[in-house]
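Quick one: structure below, then a few questions.
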Amino acid sequence: MVESVFMAELTWPEFADKVKEGVIVFLPLGTTEQHGPHMAMNVDVVLPTGVCERVARAVGGIVAPTIPYGYKSQPRSGGGEGFPGTTSLDANTFSLVVRDIIRSLGTDGVRKVVVVNGHFENCWPSVEGVDLAMRELRRDGVTDMKVMRLEYWDFVGRDTLDQLFPDGFPGTELEHASLLETSLMLLLRPDLVDMDKVPDDGPAKFPTYDLYPVPDGFGPASGVLARAQGSSAEKGRLLMDDHVERIASAVRAEFGV
Amino acid sequence: MVESVFMAELTWPEFADKVKEGVIVFLPLGTTEQHGPHMAMNVDVVLPTGVCERVARAVGGIVAPTIPYGYKSQPRSGGGEGFPGTTSLDANTFSLVVRDIIRSLGTDGVRKVVVVNGHFENCWPSVEGVDLAMRELRRDGVTDMKVMRLEYWDFVGRDTLDQLFPDGFPGTELEHASLLETSLMLLLRPDLVDMDKVPDDGPAKFPTYDLYPVPDGFGPASGVLARAQGSSAEKGRLLMDDHVERIASAVRAEFGV
Amino acid sequence: MVESVFMAELTWPEFADKVKEGVIVFLPLGTTEQHGPHMAMNVDVVLPTGVCERVARAVGGIVAPTIPYGYKSQPRSGGGEGFPGTTSLDANTFSLVVRDIIRSLGTDGVRKVVVVNGHFENCWPSVEGVDLAMRELRRDGVTDMKVMRLEYWDFVGRDTLDQLFPDGFPGTELEHASLLETSLMLLLRPDLVDMDKVPDDGPAKFPTYDLYPVPDGFGPASGVLARAQGSSAEKGRLLMDDHVERIASAVRAEFGV
Amino acid sequence: MVESVFMAELTWPEFADKVKEGVIVFLPLGTTEQHGPHMAMNVDVVLPTGVCERVARAVGGIVAPTIPYGYKSQPRSGGGEGFPGTTSLDANTFSLVVRDIIRSLGTDGVRKVVVVNGHFENCWPSVEGVDLAMRELRRDGVTDMKVMRLEYWDFVGRDTLDQLFPDGFPGTELEHASLLETSLMLLLRPDLVDMDKVPDDGPAKFPTYDLYPVPDGFGPASGVLARAQGSSAEKGRLLMDDHVERIASAVRAEFGV
Amino acid sequence: MVESVFMAELTWPEFADKVKEGVIVFLPLGTTEQHGPHMAMNVDVVLPTGVCERVARAVGGIVAPTIPYGYKSQPRSGGGEGFPGTTSLDANTFSLVVRDIIRSLGTDGVRKVVVVNGHFENCWPSVEGVDLAMRELRRDGVTDMKVMRLEYWDFVGRDTLDQLFPDGFPGTELEHASLLETSLMLLLRPDLVDMDKVPDDGPAKFPTYDLYPVPDGFGPASGVLARAQGSSAEKGRLLMDDHVERIASAVRAEFGV
Amino acid sequence: MVESVFMAELTWPEFADKVKEGVIVFLPLGTTEQHGPHMAMNVDVVLPTGVCERVARAVGGIVAPTIPYGYKSQPRSGGGEGFPGTTSLDANTFSLVVRDIIRSLGTDGVRKVVVVNGHFENCWPSVEGVDLAMRELRRDGVTDMKVMRLEYWDFVGRDTLDQLFPDGFPGTELEHASLLETSLMLLLRPDLVDMDKVPDDGPAKFPTYDLYPVPDGFGPASGVLARAQGSSAEKGRLLMDDHVERIASAVRAEFGV
């Protein structure tokens, strides 16, 4: 059989051996969400999975299956649920999924988990999911579980951002389906990007509040919140190197591997 | 970009076009579960995804992302939660996931969904998930959603089973990690099967009851409930052809495509 | 006062004494569901209660009150919720009921519980209910609770089935309101059976999938899935003897009584 | 078959006919709870069932199966969960049970429901259960469901109480397992009462507050909160006549039957 | 900074010091609910807060923030949800709020909590909330938490009631927005009472049952269930003195302060 | 009675009149949380309430009672649950509270709600709460409810920030208990601030990830994440003016008042 960094590609005895050795399990959190007319809807699955795969290789960990349905997209950060194809879970459902998976890993003896979020809106429900799992595990007598939780895009150098955005970085929230994600997809899955379809209706100009129901024309019709022009695989490589190196470094520091 | 049968590999405008045309969405239900010392733990993800991919091509549908964490494994049908690596959700969590996804698809305008289960224990919580989704959609004013729900392994001919089991078919429940699943994996992902590691401690002899907590030695230590000896890609092909042809035929009959 | 095998007919000091002696508590799971035009809707209450009463007498246990509202009837196994009078709970509700009862018994000091299911659809939500109860009891410091869970109809000899079905047993699912249940009712509550009203529109021919919403004419209009002709109290006696003897034997083996 | 006032003793076509005629369905709410050393633990099942049976006969209604597990017993009104045998549900579980049953009846076409509570602590969770059912039914398009909810013991004349308690009525809460309930049980199920075991450690003297955890000796050790001495079937008859006549009268007034 | 009896007006080190000294935390439960045309809708917030403030001063405790949204108003005790402005939570929501707050206090080291309810309908969901908190704290290893739970109006002398109601006390349930509450508001917040607007359509004459949906004219149109005429700050003072003295006395007795 | 901008200080007929006129209801979201050794723990209640009060006056709206217990504090934005006195709700509980309140207001006829968040961690659970309320209201037939949701601190001019932070604004997350909040408290409740106790252990230097359990020394021991030195009521006035003016302006634009 293959040597694999993906947990689900191991047999259970192989997994059991790794658990005994104190393996770090990476859990990527994704979703199925519109990412503009020029990219497939699995961007938030492909990217955190790709990051985890590389970090896991670097630090000797394994990658659990990516959660492919995340918390509801919000207009100001992901275009919102109004876009066809965006397929999402309620916050409580998503938190319970994260809770159950981490509790299940903990019951198996895993003691080191790194939750790597790849969909902005997953951030808070995953915080709750981890907290609930830790609470339940303590009640089950597991007191030495350690979890790190992060958004992969926060692991990037100032230099890299300056290089990618000579006119200034628009900020994480507006980066949905824009230069960063598009460049990373061009690196990992160029077959799922069509640069000819990059739209020109951004960047979004959102007010500092939410409205319910979402009014027509609240964000760009394309679903691209900032701009994807100028994306390239090379830029994706720059970013990915930063993400992997910096996350691996943090993991090493915290878990002593 | 690629032409893809996978929903998440489409852009949102491509998906929106398909929805307008009345596309059938296949939702595979899997899990991450031990499948013996000779197979990877993603069997219940690979197989329903593979079946859906082929049926979707045959009938012109698309395949939503496979749910990779399913309902808790039971000793008499999957070895149980005691096996390391089996990573599962509570029943309510799983039902809510199924509910939310189908409701989300319905909100997008999808009206034809085929839920294809690939993990025995998902059966009943997915029944509940679909029922809850239908209830919510009706309350949201969507009254023409139609869902078909099935276990893929029920779509097999008597002839095929007789051919595969000349000494008699041991039954679906005991087939966990055994000849049927192993043969299908040899067809789809031979890199994730190691026939040299097929164990010999089955078939399981279970009583007609459950015990909590699960006693030691309740099932085969290997996690293979029946027998995997004699599995082959050709047998997998026989099965897969049956599954695809028969499910496609049922889908055509029910959805008029 | 009466000597009673029914827990609810004991005073609390009598119950407390039995708990101290390590009594086995049987918990019958029923529902209120259509059972054809020839039988009352309490079949799934009468039968598991009757079985439990006899087994409890045989092994020296007591019978907790039967849960009279179970999980939603499904078209392919019970006719479905469309039949008037079928009155059911959501899966999560039913699981919580089972959880709370077993947790409550465990808090009282009971350490041996046998859950005896009499309604097909209760099977999986009761599995979840027991699992949740065991989890909570462990967190409450109760680590020696032992639960057996079973469907009573699985405790029948091949000989008996051959005798009852000379042309072959149609299988458990189709047996709803059919020969087995009718014969057992003729044994226990003949006043609730009217053999003149046994319908003739079965046996059901179901496809191997579910449909939502349930189409008209999906199953027999009578609600009898197989056939009830030829039912008799004698056949009921044959069955009941098998059920009681075999369940009692399993209980003795597992609980050492 | 029998003519029966019990819904579960009807066939589904018989029930369907009654629904078409606008039948009133009575839903008794009970529990399994200690009722002193002189009575069985099913008092709160026997009594509301007995009341409903008689009222249903009087007004031409039917009686749904009694819920046999109710909300947790409280020290000041039922002795509390500390008594062995008291077997109870969490508030949310109980409310969901009531919700699901009423919703299920409403889906079947029932439009007149009388919820008859026989266990003090069920009062508020049943209020919530009915409210949730009404909310869901409205969302399901059922706008003409009408529910009456009551505690049976509130239907008693001043004269009757004066006759039964020449020294003054101690109040409903303290009446647990005392003269009223004991007399009614002597009327309905004298085999489940042993007057020789009536204790003498009451009446309870509770403070006007609850304490958690419940201190030792908070209430009478017997579980009888007031006094059961002097109970008799004749007194039970007096009470039962009041209950039935007054509830029937209220039902007639509200439902116009 | 101020010396304050209100927990939220302390800094965290001040609070931490008090916890170390074994401080008693009072948690007032209120709601936002109609209280007739002559009083503001915060009566059930003002009164239990005022009581707690005084009792806390008397016994050396502190007062946690009052919960301002309570369980749904019921027609027979508070006029019901039909009155504009009555703004309420579902029972489960309210119980979870109470559970979370007490659990959170327990995690901080608080071991003495007095829950002081000021809204009739909060009674039972707060019982459940406290019970759930105690259960969770035990599972978290906190076994010495002690909670007292009470309705403030139950702490009143017979003499006081006789003095206030020379013609007889109508009972707690009918006292909504009537003489007791109005007098206490005249004492604490006379600016929120307008005695000229005291209505004259009471007292309510309710049947001994609930009806769903609530029929028109079920209670007084004003929302005042008994009578508020004759209310005065002096009467409020009489009551408040009773409440404070008697609750303080009970607290001292139970917590040994 | 007083003229009041606070909903709970109105009588129900006054509130009903305002609802008929289409009043805007402001719902402040707070919590009880450590805010350093120099401020009381009610900062997140005082500030959004103060903002709402002023905006409501400006636009003619009213202010519903502030929710005083919010979502769990996180180490990187509020110091975390480890600080004594921080008293919080689970995410699901908090979302249900927000849902129930907005649904309840909607049932009363309110159609314009502005949710004003004053506690960073409330942001996402309040998004979910509003979304759930809108979903339920639609199912209840209320289709014209409009909700605006905002964090008050996002309504501040670049000029103001430059004036307050000549050396650069450290960002919203680190502002916990720091210059902005302290200045606003000095404006609104100087009695709850003690500038002599402003600590000097910040600003926090957090990594870009969360850790569970929170390691010792993860953030400043004082609970002040940035710096509070230099806070003043004048700075608070500058900020408050910005908040009120800009929120009022947004409200006018969106609600047409």
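A, B, C, D, E and F are the chain letters, set down in written order, and residue numbers restart from 1 in every chain.
The definition used in the following text is that a residue touches a chain if its C-beta (ideal position, glycine included) is under 8 Å from a C-beta of that chain, and two chains touch if they have at least 3 such contacts.
In UniProt terms the chains read A, B, C, D, E, F = Creatininase.
Being a predicted model, the structure only gives us computed values, none of them experimental.
Think of subunit B (Creatininase) turning onto subunit E (Creatininase): fitted on CA atoms, that turn is 180 degrees, to the nearest 5.
When every chain is reduced to the mean of its CA atoms, the largest separation from subunit E (Creatininase) belongs to B. Our note on geometry: subunit C (Creatininase) versus subunit D (Creatininase), Cα centroid distance of 26 Å, whole angstroms. The mean-CA centres of subunit A (Creatininase) and subunit E (Creatininase) are about 47 angstrom from one another, to the nearest whole unit. The distance from the centre of subunit C (Creatininase) to the centre of subunit F (Creatininase), with each centre set as the mean of the Cα atoms, comes to 54 Å. Chain contacts: subunit C (Creatininase) has residues 90, 92, 139 touching two or more partner chains. Of all possible chain pairings, those that touch are A-B, A-C, A-E, A-F, B-C, B-D, B-F, C-D, C-E, D-E, D-F, E-F.
Contact residues of subunit C (Creatininase) toward subunit D (Creatininase) in the complex are 1-2, 4, 6-13, 15-16, 19, 32, 34-42, 45, 64-69, 81, 83-90, 92-93, 96-97, 99-101, 104-105, 107-109, 191-194, 197, 223.
Residues 139-140 of subunit A (Creatininase) are the ones touching subunit C (Creatininase) in the complex. Those residues of subunit C (Creatininase) lying in contact with subunit B (Creatininase) across their complex are 72, 74, 90-92, 95, 121, 123-125, 127-128, 130-132, 134, 145-151, 154-155, 207-213, 250, 254.
Against subunit A (Creatininase), in their complex, subunit C (Creatininase) makes its touches with residues 135, 138-139.
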